[in-house]
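Alright, structures below, take your time with them.
One chain, chain A, appears in both complexes that follow, with chain B as partner in the first and chain C in the second.
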Partner chain A sequence: MAVAGALKGEESERELARTRAVTRRCGAIVAVRGVSCAFRSGEIHAVCGENGAGKSTLLKLVAGMLTPDAGEVLVGGRTLEPHTPREAIRRGVAMVLQHFALVPVFTALENIVLGAEPAGRLGVLDLAAARARAETIASDLGVKLPLDARVETLGIGDRQRIEIARALFRDARLVILDEPTAVLTKAEASALYVTLRRLANGGKGIVVVTHKMDEVRVHADVVSVMRRGELVFTRSLDRSADIDAQVDDVTAAIIGSAARGLHSSRPIESRSAVGGSTEMESSVADAVLLMKDVHLGRGLADASLTVRAGEIVGVAGIEGNGQKELVALLAGDVAPSRGTLVVGRTAVIREDRQVEGLVLDASLRDNVMLGELDRFTRWGVLDMTSLEREARARIEHSGALRSVTDEGASAVAPDLDRTARTLSGGNQQKIVVARTLARDAKLVVAAQPTRGVDLAASVDIHAELTGAARRGAGVLVISADLDELRKLASRIIVLARGRIVAELPKTATDDELGRLMLGLSGKSEAETDGSGGATQT
Partner chain B sequence: MSAFEVIVSGTMLAQTVRMTIPYACASLGGVVSERSGVVNIALEGILLSSALAAVAVQGATGSASAGVLAGVGSGALVGLVHAALVVRGRIDAIVSGLAINLVAAGGTRFALRALYGSSSNSPSVRGVRYGDDWGLVLRTLLDPFLLLTLAAAGLLAWSLARTRFGLRLRACGEDPSAAQAVGVDVALTRTLAVTIGGAICGLGGTALAFELHQFQAGMTGGRGFIALAAVIVAGWRPWPALGACLAFATLDALQIVLQNQTRVPSQIFAVLPFVATLVALAVVSRRTTGNARAPEGLGKHPV
Partner chain C sequence: MKHLVRVLQMPALAGLAAGWLAFCVLVWAYGASPSAMATLLVQGTWGTSYGAGQVLFKATPLLFTGVAVDLALRAGLFNIGAEGQLAVASLAAGVVGSRLPHGTPAVLALPATVAAAMAAGAAWAAVPALLKGRFGAHEVISTIMMNRVADGVVGLAIASGLALTGTVRTADVVPGARMPRLEAVFPAFRGSAASFAIVLAVVATALVTMAHRRTRLGREIGLIGLNARAMEAEKVPVKRRLEQALIASGAIAGAASLGTVLGYKGYFEEGLGAGAGFGGVAVALLGRGHLGGLVLAALLFGTLQQGGLALNAHVPKELMDVLQGVVICAVALADARLRAAAVDAVTRPIAKPARGAGAA
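Let's turn to the complex of A and B:
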């Protein structure tokens, strides 16, 4: 008993913050439902889940940025009251947002002190004291901070370090980071985790929201998984045991039911095998895209490519090697400067859905019907009834609202008036895909269709693209994700320095593709320059 | 006296300086308000209502200081109303500003009739008179309104750059969401900024009324808007705003002289300051870099 009591005492001493059955709605959706979760000092706590699972909302509740509708948030053993960031910070909880909360025209030092400024009489800033303190923090973190540089001139890595320094400047004991590595390079990400580990060892509590399982595997001490607003899983990771099995459990928890599971690659592949290869070969007759020696400024040279109805062709390549030009060309944004381009009716899924794909503040109905109002217009008047019917059908089919509505929501009519902004990235992309594919185009161009999209949504989007091919469209998928290309495409072309340097079957290995992407020869001495359009099937 | 002699005379200098003050105060008020992120087109209405308040209180109490306090206080009050509507009520700042200007225009006329039974002007008040025998220039340079205006500009520039309040105020103006995320009370900071701005602007209204020793309906004649233009020309910085107002007042004083001294139709000179404002705005609106730019978060609410 005594031992248990002592343990319990120690536990609660280590506990920095806890939620007790918190619920928070965002509009009609319950973003967080009855979640109880504790965050302790000395550990890195990873919070995982799909897009829109409620991770960010939960942590914003802890950081006082959102107020719970029910339940309570305890920080330092007491209810957080008033529920403001200021109070949370005062009690030692600071959150580094995904989109940094730094004032661009302020210097790093000004940003670090903002809101917790050391000041003398009359509120005169004591920047010397602030600087000394910031330098101590930087050396504790083991980093260099460009204190006098304006933040707008700094890179992402520096900005993130400034955010962390800012949290420590106000003596945060629990530092929450929302997808900190989403915007970092691999090297920067490892450096970040070195820093975070240092902080955890120094007694701070660290919470990291992440999608990336390899980060969880290597760095996390504790993992919590959110799904559809609920906390479905929390456990400590034990690296002395089989870590892979533990991470698999985490992945399973993230995805939920096995039906939509991790093993998704199988159903899709089999589908493309059935609907694909055999039938495809026979329906090869008509090409939907014919490019012959096409040039576009400096971006694309000697590009020759044929896409036939019913097939999916993958485009691999390191970003900036002509993909953007290829998309612009096929979308009709620009005309080729030289060469022949014959293309059927084309629909394009653009790379940046928030800028080029959606009107974020318009309703889902408007977004999913964007650009097609002519079809629903009679004598200049919109036929709202059929428009509504079509929009509803598309959205229901897209499944964009499936993962966010309550259980058994299929009975409930989807809320078409929600703005696109309120959807998670994956669901926004589903809307874009639904709209694009609804056009029955001969050629579908999909640029990075699942970038920043969670696993389940990727599965849905892949199924849609495969379905479009089965219905007879030619599909060109441009992606940085080689697994995605292999999963979808029957053949893969490689772009390097604006040239199509190779065409490979879907069985191509990472190594083969990688070498070609880097402009090295795939095998022995296939020329990279001068032999564009050469194929080596 | 030739036009040239008039222009370089001490009278002209004194005139120009005195004409600068209402513009300068309104424009400093605009700087504080807008640097905190709140668009303020209510400057015109604040000038007008504080002019009336100053005159009414001095007329009633006989005390010039009480008049000044009333002018400054009423300016602060109208500023507070603007802040409450925009910051707390989230009403569009242009709508709120326009409403305040309309209410001030109508309200002062109504008050004029109610208090003095006149539709055009108040009875005359003494204003601030002192040191009549000091000589014109010295008297102008030691004018309490001028000194107060300079003090306001200096204090404002200094506190924006050097104090905790200034840093937070600028943060609210540049990126209200970021400021809020680090625990700055954006609503409070902006409310204070707009109220302080209203007070400084109220000083300008008081100076305007005391200069003419009475309140006249519509006496501000668009000064609040010119002051706002000065804020933009000056890149939202206090001292340059003062400079822009001085330049404008110089043209204004000049056009009065030129109207009297030449045969050219007076309307041509009368539009001079406005044309200059237009040209200056057109020039600076092309400016996108450097320190002299609009606060990024101007008109934005924190999310």
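Let's turn to the complex of A and C:
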């Protein structure tokens, strides 16, 4: 046992925090059930799992933001007591939330020091000391922080780095990030991981919640998988062995079955019925969207695009390069300021489902029928019976209530009265998708259809979109996730600075697409992991 | 029924408890005995059929304005202007009701008078409604302003010939435009001013709650109140719906004159029905979009008003106004959602039509 003891000693030296059989209930649901997990310095620890699997809850427990109902959290070998964020930060555990908690009108520097201001005598703020410290941190991070810029003027990547700097300013040794790449482009994400790697090499512990298997594959040292509140497994990844097989195991553990095998980094043959050749031959006659030299204010210029019936076209691009304008145009929110736009009946899956896609505090029944009440109205009065029938059919088809209920409950009739807020992100999105596709539109526009959605729901949503194309709709998918585009679309157009700069086949590589998205030429040159990050700041 | 129980549970209980506590403390501070005053309060209201009738009488306009405010609230609009809408509507009821030919039968006179009142209330609400829909003007501010304007306009109208000379009242409305008193059918209510307007108020409340669930307009208005952005994305005409909600709210507030002008005085005089508009805000906040809740809230505040008169010999009746405020504050504190709505109404940017929940 001597060897084990020695190992244990070394382990505990590296260990920054650990949970011991923690359980946390959220209402009737056990969000985290008896989880024991350790987080060590010097490594990037990925925590994976579907929406609602308990990842965020677990990490909020570690960061002191939630108190456990049973079990305990140890930080630096001692129980976290009192169990508060303040104490967790004092002991070096900081969490960067999915939705940043920065003050928009403050500068980056002010945000970094907020709440931990170095004060001189009489409580006078020592800004010089703060700045020196923040600059040291920035150089540790290997980034340049715009310390004097107001946060509201900064992009998401900068805001995230400010959040991380904020944590480090408080001497955090374990930095927890909740889905840090959900809102980042590929280039920003790889820049982030470069930063995180630096921190890990410098002895910090990094915990990252992520849905993205390619990130796990490339960047994680350790991966833990949560399912239904339980820790399914934790393992170290060995990149000298078959990494694909290891990542497949992770994917299988997340979904809970090995059957669905959809490893994102492997080429997947198109599941859409529209094969290359037949679609190429089809003429403009079956176009459901014809755009010719369309301009929209300053957001979109000279855009020409044709989408045919039965075809899925992908739109790649860094956020803010005309996607919003394109969606607004196709949804009919605005008219083009110039150019020709011919479009069939269009249904749109909006980018921000919680703000534009759903009425969160209304019932599922209302949400799945949103904006269609006129079809069920006679003399101003609703035909409740057929409305109910249609809503029920759509919700059952969507599968939104299938996966959230435990085995026992799935036999029960779906509860259409529960509010959309009570569903996980993936299931909320299924409601939006069900509603949009039920309209039998000629053109379906899907903006970020699986952003923040778990794997299983993504699979379902992709199948729905493919099915819509098979039934004859033209589908335009706008996504920051290049794998998603390649998986769904037969061709991919690239938006940069409001212009359609290229059209590529689905075989286009990340590098090609990435360069085009950044407004560079599409030719592949020497690629390094950091190059994208350097360019985008 | 289950829903009703759930809705009324905590916040209403908290309100009643706080109200009772405040009552005891205030009465005691005036040197009277809380238990004696409470007994007096009950006797003066529900203790006799006359008292009960008076409670119904006081509750009638409150229920109308309550459901008016409630309707706007469903759309996410705070109609603080029921007061002015009712004032203008009451004037219209008095003027139109008194100018009808004397022998006009009730089947014509009453609907015509009520229609005039509701149209006036709607017209008064249409100003903030259109300002809201067209220019995004904050309805809290414009409806409050319209209350002041209503004061002036009613006073001016009274002074410039719409009133009987030398008075601040209109001529009597024709007999056909009078709302029958309850005592005409139920002799037990003899002497009380309660009229069948209370029945119409309950019917109006039922119609509004039903419309919320079963009509396209009501449903869409309710969903807009919860998330206007999503409804806009679905191409529901949000601005028009907001206008319609506020105008309908004004019309219902105007119908409160059924209980005052047509059911009680038989003419309009300056100040008649004053306070009912603001009372309606309280009823709506306590009743929380529920038929039973709204009716009970109107009865509660009607009881307090009438009870205040019963206690006036011992403690000032204004004590009941204080009580009313305490109840509302307690309810608001106990109800997080209400609190959020109030905070939102106050902090929302003033010149923007839709509030932007912009992502970071």
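Note that in this section the second predicted complex is superposed on the first by the 275 of 537 C-alpha atoms of A that agree within 3 Å, B and C clash if a C-alpha of one lies under 4 Å from a C-alpha of the other, contacts with A are read in each partner's own complex, and residues count from 1 in each chain.
We take it that a contact is a pair of C-beta atoms (placed from the backbone, for glycine too) under 8 Å apart; a residue touches a chain by one contact, two chains touch by 3 or more.
Computed from a predicted model, the values in this text were never measured in an experiment.
Applying the stated contact rule after C-alpha superposition, one finds that A:487 touches neither chain B nor chain C. When the two structures are aligned on the shared chain, A:65 is found in touch with chain B, with no touch to chain C.
Once the two complexes are laid over each other on the shared chain, residue contacts for A:204 go to neither chain B nor chain C. Using the contact criterion defined above for the overlaid structures, shared-chain residue A:359 touches chain C, although it does not reach chain B. In the superposed model, A:156 lies in contact with chain C only, and not with chain B. In the superposed model, A:85 makes contact with chain B only, not with chain C.
Within the superposed three-chain model, A:122 lies in touch with chain B and out of touch with chain C [touch as defined at top]. Within the superposed three-chain model, A:103 lies in touch with chain B and out of touch with chain C [touch as defined at top]. Put simply, chain A uses residues 100, 102, 104 to touch chain B in one complex and chain C in the other. Partner chain C is touched in their complex by these residues of chain A: 99-100, 102, 104, 156, 159, 331-333, 348, 350, 352, 355-362, 366, 370-374, 376-377, 380-382, 384. Considering their complex, residues 214-217, 219-220, 222-223, 226-227, 229-236, 357, 359-360 of chain C touch chain A.
Listing the residues of chain A that touch chain B in their complex gives 65, 84-86, 89-90, 95, 97, 100-106, 110, 113-117, 119, 122-125, 166.
Partner chain A is touched in their complex by these residues of chain B: 159, 162-165, 167-168, 170-171, 174-175, 177-185, 296.
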